[in-house]
Amino acid sequence: MSETLQRRLEILAYATFIAVILILPAFADIFWLNRFAKYLVYGMLGIAIAMSWGYSGILNLGQGLFFGAGAYMLAMSLKLASPTSLAQGSDTPVPDFMLWNAEPGAPTDLCCITGGSWLWMPFQWVGFGAFMGIALPVLLAFTIGTVIFRQRISGVFVAIITLATVLLVRLLVIDLQPITNGFNGLTDLAWLTIGGFEFDPYLLATYYLIAGILIAVLIGARLLVATRAGLVLQAIRDDSNRARYLGFDVPKYQTFFFAVSAGIAGLAGMLYVIVAEFASPTFMDLTFSITMVVWAAVGGRNSLLGACIGAILINTIEASISETEMFVEAWKAIIGLIFVLVVLFLPRGLAGFAQDASAWVVGRLNRGEGSPASAVGQTRNQAAE
Amino acid sequence: MANKSALTIDALEVDFSGFKAVDGVSMVVEDGELRVLLGANGAGKTTLMDLISGKTKSTGGRVFVGDTEITNAEEHRIARAGIGRKFQIPSVFRELTVRQNLEVSSIKRPGVLANLGLRFSSSQRERVESILDEMGLVDVANETAGALSHGQTQWLELGMLLIQEPQILLLDEPTAGMTQAETLKTSQIINRLKGRHTLVVVEHDMAFVRQIAERITVMHLGKVLAEGRIEDIETNEAVREAYLGSGGIH
Amino acid sequence: MLALRDVDSFYGSSHVLHQVGLEAKSGEILAVLGRNGVGKTTLLKTIMGLTSSHTGAIEVDGASISEMQTHQRARSGIAYVPQGREIIPDFTIRQNILMGCFARKDGKRAVPELAMELFPYLADNLNRPGGVLSGGQQQQLAIARALAADPRVLLLDEPTEGIQPNIVEEIEAIIVRLNKEVGLTVVLVEQNVGFARQAAQGFVLIEKGRVAEAGPTAELTDDLVQKHMAV
Amino acid sequence: ADEIEVGVLFSQTGGLSIIEKSLSDATLMAIDEINSAGGVLGKQIKPLVEDGASDPKTFNEKASKLIIRDRVPTVFGCYTSASRKAVLPVFEKRRNLLFYPTYYEGFECSKNVVYTGAVPNQQLSNFIPWIINTLGKKKFFIVGSNYIYPREMAKVSKILIEQNGGEWIADEYLELGHSEWGAMVNKIKSSGCDVVLSNVVGDSVVAFYREYKNQGISQADLPICATVTSEVEIAAMGAEYAAGSYTSFPYFQAIDTPANHAFVERYRKFVNDPKAVTHHAMASSYFQVFLWKQAVEKAGEATPEAIVANVGGQSFDAPDGKVTVEAANLHTAMTPRIAQWKADGQGEIVEAYDHPVFPLPYVAYGETQDNLFCTAQGLDTSKLNQ
Amino acid sequence: MVDILFIGLSLGSILLLIALGLSITYGAMGVINMAHGELVMIGAYTAVLAGIYLGANIFVAMPLAFVATALLGWLIEAVVVRRLYGRLLDTLLATWGVAILIQQAVRLELGLTFFGIQIPGLGPGLQNVSVPEILSGTVAIFGEEVNAYRTFIIFVTIVLTVLTWWILYRTPIGTQVRAIIRNPQMAAACGIDVKRVNAMTFAYGSGLAGVAGVMMSGFKTVFPDMGTPMVVDGFLVVVVGGVGSLLGTVAAAGLLGEINGVFASVTNDILARAVVFATVILILILKPAGLFSFKGR
């Protein structure tokens, strides 16, 4: 397939996707809009995974750490903005759970009600929470990335380190109950308010807030990987040593894109808090992090759009099947089966399938040179695969 | 250190748990010189290149590019100091297309932020196209490099090196797996580079060596066995014995 | 001994060999020549069953092997020295050589005498890991491994690539010897036309995945070489 | 319509489905029984079953589906506090109603939740004095899973232990779902305690009791007194491991009343499993549907506001005995009991209050029946920082 | 002190028992088998069912479980894994799907619940296996009363480890296994029946998981989700040890087990878990390819 045609088809795919999510409200009730808003957030996670896994070759099994970090940062601010926080007899907001966890006689003030509660103080300003929702994941990723990429850790070892990290952080968040509310997470949050406008999760405006940010992230990420740096990144994924001998400081590239991916995941975490109104340490469960990876794989890990659509699609399918009375118990088995089938028969995910299909159609159209060989009657040699 | 020398190697050695694959090698390559490195299989030629390019860390001795010491520096620093390398087992970005391989190699400012732009300059593009043409890779420019044959991969790697334009090129068996005609073409390319670039070439193909050689260094068992012009080497009995066999350099 | 008829071969959907036919008679050396990328390696891989798929007939001693899996082809007496050498880096030299023995019919597992005689470096370093060897040493190891299979047909992909000149001479001599003394049938992919002319009885020139010319070595004229191997 | 739709939201899949399935079944059984008896307000109840998949995110999503799309007036559901916290914003901001059947840590006071499980004072207020006075054990080793409920139970226990002249010598936690007890049991052995107070939940319980026996500790010398170990865990671990230990709950399968025997029978038939066990949260899942029905009938309509306004004061003769939703705080008054586990896997009730105990969700902060923090209007915050 | 070290040793042996099968399917075959935990679970259920239907104890259940899970592993290999060799991360995803399927199969009693048929022993509930009399209670070792069942686990682990080591490093089949992971094409060209060896290896690794499951059933609850956390622990061990190194797996299991045991004893279990994770991270940062790894050129 010629390159320009390929590019045009890709632009068409992006445009179609964007158009669909923008006109969706015309066809969906407010419940589905809220639900899709959540799935768009998952789609953003798909983008983050495709960027780190597909483009950088870094399989992060701890993406939940960044999602969780983003979620908690904004949730802390929204918790302090919640009217119930103020209604506890103190002049300054104090999260209700800190009262339960406080030592008897402790001052009812954010500075010192429990050990470490002062960490919450800057979050009284929602802007700080929103800023930290991206800054903290980026900082974490930057730190982790700098260490592991300088040490030239790659492949499954990165996966295990990120996995151990997310498990470690999750353990600490649960254990630091006095300042995190432990296992129960943060609920009873205020709605995000910008310029006096409250983003009730069941408003059209909230859907468009999420959709708009997703579109911006999608386009931004797509442009980023199309840069020269993005090309270098793919070269590094391919053969990091070769890239070194060309003079590229490999860890810098890896860390940069790892951090960008983390920032996107953090942003997704924040948006999730806006639409779901809670933050929970289960965001840092291993299963969630693996599930995200599966979404991206189904959609196509080498395609930002594919991974994004994969996440949205799987969640939509999951919801539909699990809400079909017949399948209430069996839906998970069906999902499991879908994963297996996709990996076996669509090895590059839906995006890869779409590319192959369009290549085939185009090949049909300008028949003649380079028509794909027919597979009829060929001996298959297993060992060669 | 003499100012004119491009590459200075001073008593370099590496010890692999007791086995010294390179054992006190000293060598000065002048600016613009082409140096051929000969030696038996296992003499330490590739290892010497590994040491220069930072792939292997030395356990003794020093390496300079011009006046800059690069001993055991990180690979990308050595590369930025002006050393480019072609590997014995050709090493390219197998999942990128041939053109993308060349594009990546054409990037001059290696930082992340410097490369956040979308486009390559038109001079870079032209350079890529002309290298594609020169290496005979135009037909496969949009193929992924992993699908190339061995020889095509050799050409591609050579092309990447040319477009990278390092001051010093280390070429490890650049003609392995090429036909005589192809070898001839390679030697022409290399001869064109002489003077502008400093080259260190490892080869076993004596016909090729004859086409390009100025000075030759012969290694044996990790040490320098002989150094000199082609005629000196050809007639050196020790070299004949250890390496050349009946044919000589023909 | 080894015959191919109308063989087409594929990597995934890319079609590399077209209607290839050739024959190596028993005890003969057949040289396969051609430019880079024409499909020489692919031809050997196809014989071994290592491309994704192929059509057409491949026979050894009149028996079809084209339906066989790779290991069965190996066990039917074909040994392969690949272009990349494909040494297992963390196996010792001995273990690498013994790998070849899995294709033996008699089940014997021993380092072949002949290989030890041919390659003294290997004989002296049987317990070093294969991965640390130099390129040329690995080439020797790959040949030794093939010999360990006690094959009838030997597929050699540019066996002298990267070998020091005096050993090249030796390897060339060895190939001739194996052919003469042991009666091995050899399919030899070579760039060195001189050696091909000297050692082989027959030749095949490949061009873009098709057999362009074939015949006894005597017919391998400079014109043909010029036509099919020049850049 | 001639149907009233209600939500049933428990985990049908995932790690927690083991327990939550039984809560879901009990709920469906109650609905079934009500429907057979003519329904409510002459209408049949139609349960909409959704799967929380043991994941708070899914609980949140499904709650929103039931409330916003299906517009049910009530959801029966949630087992863990974490899942309840995840659905709470939907119920509160959309003014809907959750019936929550699980024992929990307290300090929650929502106008949108009716709590029918025990709160700490209903499990501990007679348990601790009984351990000290009747069992004669004074040195407590407190152990729990590391999350809110066990920590809160420990807090309340410590107050009670001190009030009753005992002492606690350790308060240790293990990760939720962890099942490696070697070190902890070894610690217990060498701590010099004479009783273990366990707030361990889930499958960790099984590994705990097994390790306990396998390290050679006898329940007679050093009994485990538990707040969460129910018939489910006992059946799962093998009764011999728990024999001799104690649990405090308002409901046990062993309650020897005709009503309870009939309940157990009906349940076994309903789930088609002659060995199925009944337990506290599951019994609450059952009776809370009846409390709900009474409230609907009293209100004459099935809207969340009407139900909540009328559920306070409703009593029901549950398998547990009489249970009453307290109008003051929408928690349920129940009768605490203590059972000793026997080799057949059933508890023998060794102690029981003779009357239902008033639920005090803020008992750890000094709440008493005369000084309620949680009121029908919500939390009275002025009480909190005194 | 002996008691603390014993706890660590026992933790290590349990880790090793889980990791052993993984160290083969992952280390020697390059398959990230996320369904490994489910194979452990199936092993445990074999013990449950053997108890219910055959009245058999865990000694009998061990070989049964080995066979059952080896067969299941063989099936997984033939249907799914076989198509994915060389695609490491795809094996992770596909076997993740397989894991979900196996879990649901047990939970839904192989789908028979839909027809109202119940199989006692399966289903979503919690199951248990009782430990034979001679393994319950304590035994005296070095003058210290230790848990007899844990001692038995340590013993079984040692036997299985030695057996596995012997197969991998002292038999031709072991050489074939190790050759295939390094270079399947060349292995085939050397006459190795890659398909058959892979199937056998995967079945063996799965069988080990089954035995591990029987051992787990003696001190844990048996339920459909029991395997999920195990696969994580198993991978931590295998990777920290160095992929493909059996010795590394043994060392990592021992090290992490003792760290866990000692920290849990002198501080608390939560901190011990945290320290274990931190150790994993630290080891991999300091030794980026795990404790034991081959260094090529």
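As written, the chains take the letters A, B, C, D and E, and residue 1 is the first residue of each chain.
The rule is short, and it goes like this: contacts are C-beta pairs under 8 Å (C-beta built on N, C-alpha and C of every residue); 3 or more make two chains touch, one makes a residue touch a chain.
Chain-to-protein mapping (UniProt): A, E = Urea transport system permease protein; B, C = Urea transport system ATP-binding protein.
Because the structure is a prediction, the values reported are computed rather than measured.
Engineer: State which chains count as neighbours of subunit A and simultaneously of subunit C.
Structural biologist: Chains in contact with subunit A as well as subunit C: B, E.
Engineer: Counting C-beta pairs in contact, does A-B beat A-D or the other way around?
Structural biologist: Higher C-beta contact count between the two pairs: A-D.
Engineer: By CA centroid distance, what chain is farthest from subunit E?
Structural biologist: B
Engineer: If every chain is reduced to the average of its C-alpha atoms, which one ends up farthest from subunit A?
Structural biologist: C
Engineer: Measuring centre to centre with CA averages, how many angstrom lie between subunit A and subunit E?
Structural biologist: Roughly 31 Å separates the two chain centres.
Engineer: In angstrom, rounded to a whole number, how far apart do the mean CA points of subunit C and subunit E lie?
Structural biologist: The mean C-alpha positions of subunit C and subunit E differ by 43 Å.
Engineer: Just how far, in Å, is the C-alpha centre of subunit E from the one of subunit B?
Structural biologist: Roughly 48 Å separates the two chain centres.
Engineer: How far is the middle of subunit B from the middle of subunit D, if each middle is the mean of its Cα atoms, in Å?
Structural biologist: Distance between chain centres, rounded to whole Å: 74 Å.
Engineer: Can you tell me which residues of subunit C touch two or more of the remaining chains?
Structural biologist: Within subunit C, residues 14, 49-50, 69-71, 132 contact more than one other chain.
Engineer: Can you pull out the residues of subunit A that are in contact with at least two other chains?
Structural biologist: Answer for subunit A, listing residues that touch two or more other chains: 171, 175, 287, 329, 332, 382-385.
Engineer: Send over the residues of subunit B in touch with two or more other chains.
Structural biologist: Expected reply: no residues.
Engineer: Could you list, by residue number, the parts of subunit C that touch subunit E in their complex?
Structural biologist: 48-50, 69-71, 74-75, 79-80, 82, 86, 88-91, 95, 98-100, 102-104, 109, 129, 131-132, 145, 149
Engineer: Would you mind writing out the residues of subunit C in touch with subunit B in their complex?
Structural biologist: 11, 14, 34-39, 41, 83-84, 121, 132-137, 139-140, 158, 161-170, 191-193, 229-231
Engineer: Under the definition above, what is the set of subunit B residues touching subunit C in their complex?
Structural biologist: Where subunit B meets subunit C, its residues are 16, 39-43, 46, 88-89, 136, 140, 147-152, 154-155, 173, 176-182, 184-185, 204, 206, 243-247.
Engineer: Show me the residue ranges of subunit D that touch subunit E in the complex, using the header's touch definition.
Structural biologist: 13-15, 17-18, 21, 146, 172-175, 177-180, 182-184, 186-187, 203, 206-207, 210-211, 213-216, 232-233, 235-238, 240, 272-273, 275
Engineer: Considering the complex alone, what residue numbers of subunit A touch subunit D?
Structural biologist: Residue positions touching the partner: 29-32, 34-35, 38, 87-90, 96-97, 99-100, 108, 171, 174-175, 177, 181-185, 187-189, 200, 202, 276-278, 280, 282-283, 285, 287-288, 319, 322-323, 325, 328-329, 331-332.
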